[in-house]
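Take a look at the structures below.
Look at the two complexes coming up: chain A is in both, with chain B in one and chain C in the other.
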Partner chain A sequence: MAEKKNFGSRKRFYNGYELARYRKWKGFKDSWVDFKEWLKEKKISGELLKADPVRAFKALTYYHWMAPYLGSGSMVDRTIDDAHGEALLIAHKYMQFLLKSNVEALIKILKSDERFGENEYSKKTVIFEQDASPILIGGFPNLQNAVEEPYFHILATANDQHAGHYFTDIIDSYGLPSDSCRNSSAICGVAIDDQLPYYGACLITSNAPCDSSVMNSSIVERRLKVPSIQGCTPMRWKDEDTREYAVAHVKEVIKFIEDCTGETFDWDAFFETVRQYNEETRIQHELWELAKSPYYPVPSVPNLLYRSFQLSFSSGLNKECAKIGREMLEICEKCVREKINVRPKTRYRTLVCGAPSSYYMHFSTWMYECWGVNTVAVLNNMSHHEFISEDDKEEALWGVAQLWEQAIMRRHLVGGYENLLEMFEEYERFNCDMIVFYDDITCKGSKSMTGMIQDIANERNIPLVWISHDLIDPRAIPRNEMRKQFNDFMFSVMNEKPLDESLLDFDDSKGW
Partner chain B sequence: MRDLRYRVYFENLLEEVKNELVDKALEDGKLALGYSCYYIPEVLMNLDGCFSVRLRAPGVADTAIATYYMSEKTCMYSRSILELAIEGGYNFFSALLSTETCGMMHRSHEHFEMLDLVKEQNEKFFVSHVDAPFVTKDYAVKHYEKQLKKHVLDRLNEVYGVDVSDEALRKAIEKHNELCRIVTEIGNYRKLSNPPLTGYEFHLIELVSECCPHDLIMPYLKETLEELKTRVADKDPWYRVRVVLAGGENDDPDFTKLIEDSGAFVVADRYCFGSLPGREEIEIRDGETALNAIARHYIDTNECPRFMNPEKVHGRKQYLKKLAEDYNADGLIVQQMKFCEYWEYERMYCQQVMESDYGLPCMGIEKEYINTSTGQLRTRFQAFVEALELKKTERGEQHG
Partner chain C sequence: MGILIIILKIIACLIALAAFVFALIQAVYWLNIDNKIMFLLYKIFNRITDRVPRDRRF
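The block that comes next holds the complex of A and B.
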């Protein structure tokens, strides 16, 4: 096959790579903002090496999931490629929060990793497995939390598209079929390859979001070798009668942490965290209100990442989260109030559903640049958005249970088909005129609803496109294959012409 | 060995979901209650005036419509159920009792609601969803009991006026236990070194006991038990090795037959639709209500890989080992339906640890609901039989 040559706006990239020879020129003002913020991002990334250079070096040479962080600058560039004016500033702020939280989390892991020597932090670390909010740690001011999955394969793959399949290959060779959810299987690969840090006072496993994450827990538990308690949040979370059981479980987790660490749950500190969490949630609700407007400036990808990882990185524990949120809110309010249009290429407003591919987080950026399809709402983000009681203990514990029940992905994929079909309400709420469904080929919860979703979309005349992807492994469905699916839809169903032909068909299968 | 008197009859009963015994029970005005999963206690669906039918989809060769709804990347059992439902194959149901235990199976059941299936034939038809726990703690058992009451008993009572009193439950337990005793007694013949029963025959027996009205199948089961008492096995055992068959959904006796045709006697059936667990008697302990006992029993005996607590995670392997000892098995076959997430992991796990940690040689199989590639499977089974034989020879044991 002849190698595809980049042209037009792809010309600045090396053929086959997502690596640019020079930065994108966005006009004088935007380019200056871009450069300034880019420098800040470099500084944030550098903190990782500065905090404990020896441990960082050892980790970089041992952990396969660590090296991709060197590519985080490129990841930021990819995700904000479509941002201009106010949107550019917002995008940078979001990404800086994400990078900072990520770096802080990694520093915590590095410092507590007993693989690189004994330390005072390990026994103060409570590990939360996939998708579980660490909010309870707010009640243990002397402890710190670590949330497993985001760093080891999701963010690593977002940084370097080829980072995650190293781990899925391992679990495949162990005998797990590759049709099993890649999100859950990748962490097993990490565990089996002895790539989990040696740390933790205890582990809280999770049954979220779905069947495969129920099953991967015992592999993680077996490898971590710390006391663990099993997550057993109800599935039918809308059934009022599951409350007693859900709350009993939260109480048991608190007791377990107390037993493992010798600490006592501090209700005052916990309620302080809850207040912070509620503030984050309130900001998000306000942002959603603004997102209904055509002048909503937030580019989709940074928003998606911020919201997804807000659960793991903050849940009220990180004061920075609400601070960034408030700044963002101000800019958004200004854009809407003053009718500043920073997304001028918009031809369609789309709702994005399903799990986005970790190796192509910036797909929405491309949709906007190539076709003028602006992602204004992300179904996955409409999760964990309930407020928690700030003074009633029983109610607050119920709030924690709900936070676990309605975690990202779980919120829509379990507990009844109506939850996934809420996508059609969100479509109306955000004044969309298109739905893009990220069709993770290993996600059984959404795959087993495809016909019904398509039927409803047809009945209501809603243009809906399925973008198949593999979540972790770009060799199965490469990025260009994903783009092709969207191109076909835009040409044949929407009868549209691209805004930028040079973005229709290009090769970025190598490197980051 | 002479043919079992009711073998062909049982085979015929399994050809259709709505077989002649189901028809007879419906004529008698009984309510047919469908279910798929072990988390819905069979005994609750056999209260007076009701009978249980475990969902199978015999004869569904093509799942085109269900595949449109659920995609080709989901468990074929779940899709086959949906296909048959769309064809009207379960139109005689009064209710479908579901659990959100396995996501795909549950989605398949949800399509009954989304597509308004069965409703046209019976407007009182309902689908009810039970939330089942992931651990065995006391509060989890209590939760399970509450769910069974709310989503099974209360619904049956509200919609159809079924008597769900403690007394009615005790009566149902008594009848259920009688059926379990008979099936277990039949199954125990598999422990003999030269048994008057094959694994295939037992698979038929267990399946008819799950898919036909209990009152009506009982006489046939009793007669079969009597027949076995005098049935003479061939002089030499017909098999080369003995295996425990474990795994997820398996309602296909031909699959068991395929294994046995390769020389491995299936001595124990530890899969969904099997008798281990499933045919243990329910004991009502002092101070317990009937529903307390049922909830406790179905959590205690449950071997589903969905349980996350270590007692269950390790207990499942120990249970397999124990079955191998009790039934004198040489090895273990773990079968898993393609796309089944629970059993993909459990099968992988078993393959990794059963031989090394429990001394039980293990083979893993990925299968479809309807197996078309029997040639390939047969070759693999034969290879496993040979490997087991070799091990036996090394240990100085005789074949068969």
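The block that comes next holds the complex of A and C.
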């Protein structure tokens, strides 16, 4: 096959790569902002090496999931490529916060890793598996949490599209059918290849988001060699009858952590974390209110990543999360109040549903640049968004159970058809013109619903496009195939012409 | 007078040095040199940690 040559706005990239020869000129003001924020990002990335250079080097030469993090600077560039003015500042701030949090989490993992020598941190670490919120650690001020799995495949793949399939190949060659969920398969591959760090006082596995993750827990448990318990909460979370069981189980998890670490659950500290969580949630509700406006400036990808972080990693534990949220809120309010349009290419507003592909996190950036389709809301972001009681112990534990029950993916992929159909309400609420549904080909959760969803969309005359992808394996459905699916839809259903023809068909299958 | 000239020369040197460093950082930024270096390092470490035999890759 002849190699595709880049032209137009793709000309600054090496053919086949998402690596730019030079940076984009964004005008004097924006380029200066971009430069200043870029400097801050370099400083944040450098912290990883500064914190413990020896362990960082050992990790880079042992863990296959570590090198992709060298691409985090490029990942930031990719996700903010479509941002200008206030949107650029917001995107940078969000990404700096995420970068900092990732660096801190990696430092925590490296410092606690007994593979690289004894240390004081390992036995103070409680590991939370998959996307279960670590909010309970708020009640143990002397302990630290590690939400580990996403770092080894999902986030690594977000930095480098080829990071994850190294691990899925390992588990596939062990005999697991390769149409199993790639998310769970990859973490099994990490475990089988002995690429999990040796650390932790105990492990809280999780039945969130689905049965596929329950199966991967058993493999992770065996490899980690630390005591474990399943943070197992009812699937039917809307059913009040499950409440008693769910709360009892959260209490069991607390007791388990106490037994494993010798610490006692501190209710005051826990309620402080809950207050922080509620503040994060309150800010999110206000941002959603603003997102209904045509002047909402937040670009989709940083927004999606920030919200996922807030739910699955912070949950009130990271004090900076609410702080940065408040700063963003102020900028957004200003844009809406003063009618500042920083997304001028917008021709359509879209709601995005389903699990986005990790290897093409910046698909929304491309949709905006190529077609003027602005992602204003993400259904997965509307996972748990209720407030948790700040003074009643039983109510608060019920809140924790619900937070696990409505984790990302659980609510809108495998949580039953009622939740998935919330998409049509959200479509109206955010004044959208179309729905983009990320169709993860190995996620069976929403697969059975595709016909029904399409029928409802047809009945209501809502343009809906399915974008198939393989979550963390770009070899099955490369990024360009995803783009082609969207192009076909825009040409044939929406009768549109692209804003930038050079972005219609290009190859970025190699490298990051 | 002599001291004043020396001080002025030092200030001029410092300004020239700062301008040079600034230009260097700007060049790194505009030519995307940071990402290019990271990409090379990534390739090296990726190769070092790739222990799975080819016949087990798809």
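Please note the rule applied: the second predicted complex is superposed on the first by the 510 of 512 C-alpha atoms of A that agree within 3 Å, B and C clash if a C-alpha of one lies under 4 Å from a C-alpha of the other, contacts with A are read in each partner's own complex, and residues count from 1 in each chain.
Operating definition for what follows: a residue touches a chain if its C-beta (ideal position, glycine included) is under 8 Å from a C-beta of that chain, and two chains touch if they have at least 3 such contacts.
As the structure is a computational prediction, the values presented were derived from the model and not from experiment.
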Partner chain(s) touched by A:G451 [first = chain B, second = chain C, both, neither]: first
Partner chain(s) touched by A:W404 [first = chain B, second = chain C, both, neither]: neither
Partner chain(s) touched by A:C210 [first = chain B, second = chain C, both, neither]: first
Which superposed partner A:L19 touches (first chain B, second chain C, both, neither): second
Partner chain in contact with A:T242 - chain B first, chain C second, else both or neither: first
Partner chain in contact with A:E252 - chain B first, chain C second, else both or neither: first
Partner chain(s) touched by A:F128 [first = chain B, second = chain C, both, neither]: neither
When both partners are placed on the shared chain, which of chain B and chain C touches more of chain A: B
List of chain C residues in touch with chain A within their complex: 25-26, 29-32, 34-36, 38-39, 41-42, 45-46, 48-52, 56-58
Contacting residues of chain A [partner chain C, same complex]: 19-23, 35, 38-39, 42, 60-64, 66-68, 70-71, 73-74, 77, 160, 165-166, 169-170, 172-173, 178, 193, 475, 511-512
Residue ranges of chain A in contact with chain B within the complex: 174-177, 179-181, 205, 207, 210-212, 214-219, 221, 230-232, 234-236, 239, 241-242, 244-245, 248-249, 252, 413-417, 441-442, 444-445, 447-452
Interfacial residue positions of chain B with respect to chain A in the complex: 68-71, 73-75, 78, 100-104, 107-108, 110-111, 113-114, 129-135, 137, 139-140, 142-143, 146-147, 150, 305-306, 308-310, 313, 338-339, 341-342, 344-349, 351-352, 364, 366
